[in-house]
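You will see two complexes here that share subunit A, one where it goes with subunit B and one where it goes with subunit C.
Showing the complex of A and B:
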């Protein structure tokens, strides 16, 4: 009953292929769940194993999780999660707790440089050969040698012991003939803080960097000190726009760990809320992106129409933003026949409006002038850079967890993937608008066949030691949760990888070579969510001809970057 | 705020200044570590359904033009220094509105290692708007109450 909760097929054929590719290490592999393969590899072989997977184009790197087993066990693990459809392959590298070293896999999977920096600042693991070893999301004045996610480290005490010095101020860069346009952390175009520096030559962007971490709060550590139930409310506040996403992804994972499955009616209500959240998020994004393009009218119209969905969410849950729909083992509220009717009416209105917006973004000459052929991301680039969500789907990458690894009620009420091949900003608008219709269609099909029955099942308070991975398609892309229980009523480890983190590389790569005036829209095009990812520093320097990089040129550029 | 010189024009001048200040405060929004929930509600407050501009409140870009600083979220270590800098750049008289539970008390993130605390641990706050997140109506109510408190008692009726 338990382990097949979220898996489409009992054993995934992709895992058989992975075993062949990793034949050298496979004898010690294990299958903790039908869709997962754990392969312990010696730390020094991690890069080789990753290269083997990259060569065979087996999936993409989803996350690198650091896992501290505590001072008694005196060991630490670095888990490299690769995903292909529903299959999850984890390379487990065992390390000493202090002074461990792993080789970088950023050459094969450029996205790894974020994950590797997170691993090194949170756990003190040295990543040999990583392109940029600087801070990812800890503040500038963080004391050196304090690794907050180690079990026996108390960051608050370490910070209290630190002598009170004024934090270093942001230095304005003036370097010869380079002209740098700083944006943020406070900026009218950003409703969230991030600091961007665009190096320009006339109107053309020559280099782009971003410093995030302004909204890093330390949620993963806080989770370890709270019970499974308390964490539901904390994780709902990882992000205000996709609050239901995080709560549901976590609840599905915890239920799987506990060997419990929420009743069908609860799963259906979760998906309805998830679809409504996607619609409100996409309309919100449409407005913000239109605002960046200077199209204020569209901004105001789309936000006005979005209120229809906000009214529904409030009517169903009692709150406009943090719906608090989930409990562990089910949902809190039911959907009555009258409410179902209200949802249908609201969808009629929103779909009619969205049809109009789709027409505007795909036919309006002035608007197309700002979006068509701008920031074109080819499918190969998108796959290589690890892009996820609508940004990837606009480039034709078939990646959508609702379809490839259906969870909750998506197995009974399948969603269809919306793809486009153009890869430019127009395609990103079109994909998101079409997803509004798709979400509406899923909601209607569920409402017409809403399963009867209970809303909750009983959940145990303590959960036996186990590990699981929960994946969920948020409005911005795949959300990835790694959960580990230890037999108590608190989690041993909660690791969150959010979609915005995966999309930074593609945006900053595309910003280089673009007109400065296009940059706001390029940034908006990926729908960045700082509170989710609250990490990163990326430095993108101009490569020889950034506009026309072939697949091979991109790979060799990455290799050269690494040697530098 | 008011000059000390006794002058026949002084009372009239003060009246005009208060009238201008109360009728068209310009606001700036700064997220110091919020989850985004309050921020999208602030934007919703400015869009057609709620339309905060009815009260003359206008969101604009530069702290140097702002009378109102609308803050959301607990203050993270990385954002603390920037919050102080934004506040210092605003001309006097200036008013700070803390929006949401986190801005008032740290909320769900109280005690997290990278959180310094709530807004009034770092800069003075003039109005607190509770909620997780507060509804747009609550934000409007908070701002209007703040504006009301700027009126001298005689001008209130």
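Showing the complex of A and C:
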């Protein structure tokens, strides 16, 4: 079937198919890991190769990673990662370090639009034919020609240069004769900053656009300046809700790079924490979604019950939010028999409550009136738009990393995928509530058979040059980490793609034509997490004349207002 | 014994007394809702503290508004609901102002709050306010007719449109048993009038911030709020008097109105917000039809017994 298997014994049949599809480029392909296939592709062939994959419906585009090899090597790579089940296929396009051009793959994979804008903004790569080449996640007043993820660019210096430029002049808002309802960056519907502009005609939405990036913190760049160990604590702070997700995804990746495997007991504890995180995240989401729909009572009760899990997490780890459970090579704390008992008791309570909530969201007439048949996403649409996580599973797309590519203790304690076929908001409620039960079941089965042994193994400080990809099923969908080491104690490149980014297109598509009143619930339906999402990337169709106000401009505007 | 009208207007039953009573009822409402939602709820003086805070806060007037309207509309709203209190048997005492047709006038004075809010939303020319105002006024057209018809049910039975006369003729009869549909529509209509969930689309904060009130910050917001809670007390008194066997003494007044308040608070907690199109549907498809059926029954009964 293939000619180029270099390493790894259990080859994934999907990769064999990929080699057949990409036969033209396959002769130079390599398998760095059993489940991965690297195919070097000339930059101008990228779109063709992607089209071939899209035509054969081979997997989905997971991320586009830019990789700068530094001024000495003077080259840059654009890595197009495609995933199908456990298999990861990477198209590697070699580019000059300055002025490189790749063709857009957004026609085959609409989601690529985000990734391509990230690529062009962070690395200065021109993407020919991308639907929206405008600046995407850097601030609007970021100096042009400064590409922060290039190795020799110092963002601090760029920021200093930026502050010397004159603050932009205040302009009156002008949207022509369109009636635009702005939601955000500060709005009661949003718990994190983001800007949505909905063009409405009466109560019906006619157009939707989103501008994110308000919580962009440059974490990927920061990672390159810190040691592997330090990064664990930085990455844990990518997100406040799925902090364990990011730390575990990173730790698993780094351990694989170093050729180390954490002991079974550590892997089990990681999964227990992951499941608890999923339960608290889904209950939190239930409350937020109910609040967006105007059902305050459900909001209050689900958040009260979520406290049970938060208390549990605090009891186990000492922290409510950043549990700091992981170290590279294992976990920090053990779970004692009494704690296991406390977990079981808490689960009993939460599961009983969740059964009630499941009944409420699937039988309450008024609530169904707000969710049933709203925002229906068919399986074809969901796959085409690159949707992930519970949003995709509610449309019947079988995508769940815990099942298709089990990591940590999920190999020994398999999880089951929760699917629904309706694809509407009700289905998204039902899928998430059922996942609470599934997480509870996994926790119990692990607690009943908790492997004995050590909590950590020794990790080397320096890691030989290699690359790996770590995927993890966060409460919101697949988290994708690309890690590259260079033999030192710091990473060469850490690239993060979070699930929220993949789900925006589906929401914006479904918002057009919906009632304005359904929009908050539609937004909530994908459980957006701006904080993860913005760590590096931003979004579609920004306002034509975006205004950025400096602190000084804001203050002077406020003074003018007072004088009036 | 004659009390000078100015006393009625300023102290009892209008004016200060109504404000105090409305704040007390707001406290009960908020506390009950909080307990239903598994929260602690506010302390007894919290509603008063909130209003006081708003009244002494600086008010920011947006520069695109008509400044006179901006200031006058909240006053008009509060004046409307305070005036409505004059013809209603507050505390079970005789209304201060009684004249033929005062039932109609009272109901329309109560609508003044919503109308002022709608105008205020239009006047402030904010996107959220405009949508909120549109929704408020759309809703007025939905519940106003059924609500009015439901209140007129007892009037038709007694043959008078004067509140005191209706109450005398009824003489403690519980109309709720003979006209249950009318009562149901009246209670739900009052919830609609007060923009309580599930009819709170005009101020759905996750969509349009505070709806028509978005640009109001200080005194104006406080006065609108007072207007709303006075409207609530007047509405409850009307319903208790007309449907629940009258309110002949303060004990009956408090018992009946507070019981109604708790029922409304429970409904408030039970439901998800309706979209504005669903609200319109509920009222025109069910509310209006039901109350018309009730009317036909009442009229037939009148014709047959006459």
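FYI, the second predicted complex is superposed on the first by the 510 of 564 C-alpha atoms of A that agree within 3 Å, B and C clash if a C-alpha of one lies under 4 Å from a C-alpha of the other, contacts with A are read in each partner's own complex, and residues count from 1 in each chain.
Definition applied: a residue touches a chain if its C-beta (ideal position, glycine included) is under 8 Å from a C-beta of that chain, and two chains touch if they have at least 3 such contacts.
Not measured: the values here are computed from a predicted model.
Asks: Following the superposition defined at the top, how do subunit B and subunit C come out on subunit A, clash or fit?
Replies: Subunit B and subunit C fit side by side in the superposed model.
Asks: Could you tell me if A:386 is touching subunit B, subunit C, both of them or neither one (first, second, both, neither)?
Replies: Touch status of A:386: no partner.
Asks: If you stack the two complexes on chain A, which partner ends up touching A:322: first (subunit B), second (subunit C), both, or neither?
Replies: first
Asks: Regarding the shared-chain residue A:518, is it in contact with subunit B (first), subunit C (second), both, or neither?
Replies: Once the two structures are laid over each other on A, A:518 reaches subunit C alone.
Asks: More residues of subunit A are touched by which chain, subunit B or subunit C?
Replies: Result: the larger residue contact count on subunit A belongs to B.
Asks: Of the partners subunit B and subunit C, which touch A:310 in the superposed model: first, second, both, neither?
Replies: Only subunit B is touched by A:310; subunit C is not.
Asks: After lining up the shared chain so the two structures overlap, which partner does A:215 touch, if you call subunit B first and subunit C second: first, second, both or neither?
Replies: First partner only, subunit B.
Asks: Which partner does A:100 reach: the first (subunit B), the second (subunit C), both, or neither?
Replies: neither
Asks: With both complexes overlaid on chain A, does A:138 touch subunit B (first), subunit C (second), both or neither?
Replies: So A:138 only meets subunit B here.
Asks: Contacts for A:110 in the overlay, against subunit B (first) and subunit C (second): which applies, first, second, both or neither?
Replies: In the superposed model, A:110 contacts neither subunit B nor subunit C.
Asks: Answer with first, second, both or neither: which of subunit B and subunit C does A:185 touch in the superposed model?
Replies: Only subunit B; A:185 stays clear of subunit C.
Asks: Can you work out, in whole Å, how close the C-alpha atoms of subunit B and subunit C get once everything is superposed?
Replies: 5
Asks: Do any residues of subunit A touch both subunit B and subunit C, and if so, which are they?
Replies: Common to the two interfaces on subunit A: residues 187-188, 300-301, 304.
Asks: Enumerate the contact residues on subunit A facing subunit C in the complex.
Replies: Residues in contact with subunit C: 179-183, 187-189, 200, 203, 290-297, 300-301, 304, 364, 366-367, 369-370, 515-520, 564.
Asks: For a test of understanding, state which residues of subunit B touch subunit A in their complex under the given definition.
Replies: Within the complex, subunit B contacts subunit A at residues 28-44, 47-49, 59-63, 73-74, 76-82, 86, 107-109, 111-115, 132-133, 135.
Asks: Which residues of subunit C touch subunit A once you look at their complex with the stated criterion?
Replies: The contact residues of subunit C facing subunit A are 36-39, 63, 127-128, 131, 197-198, 200-201, 204-209, 269-278.
Asks: So in the complex, the part of subunit A that touches subunit B is made up of which residues?
Replies: 138-142, 148, 155-156, 159, 166-167, 169-170, 185-188, 191-193, 213-219, 221-222, 233-234, 237-241, 243, 284, 287, 299-301, 303-304, 306-307, 310, 320-322, 529-531
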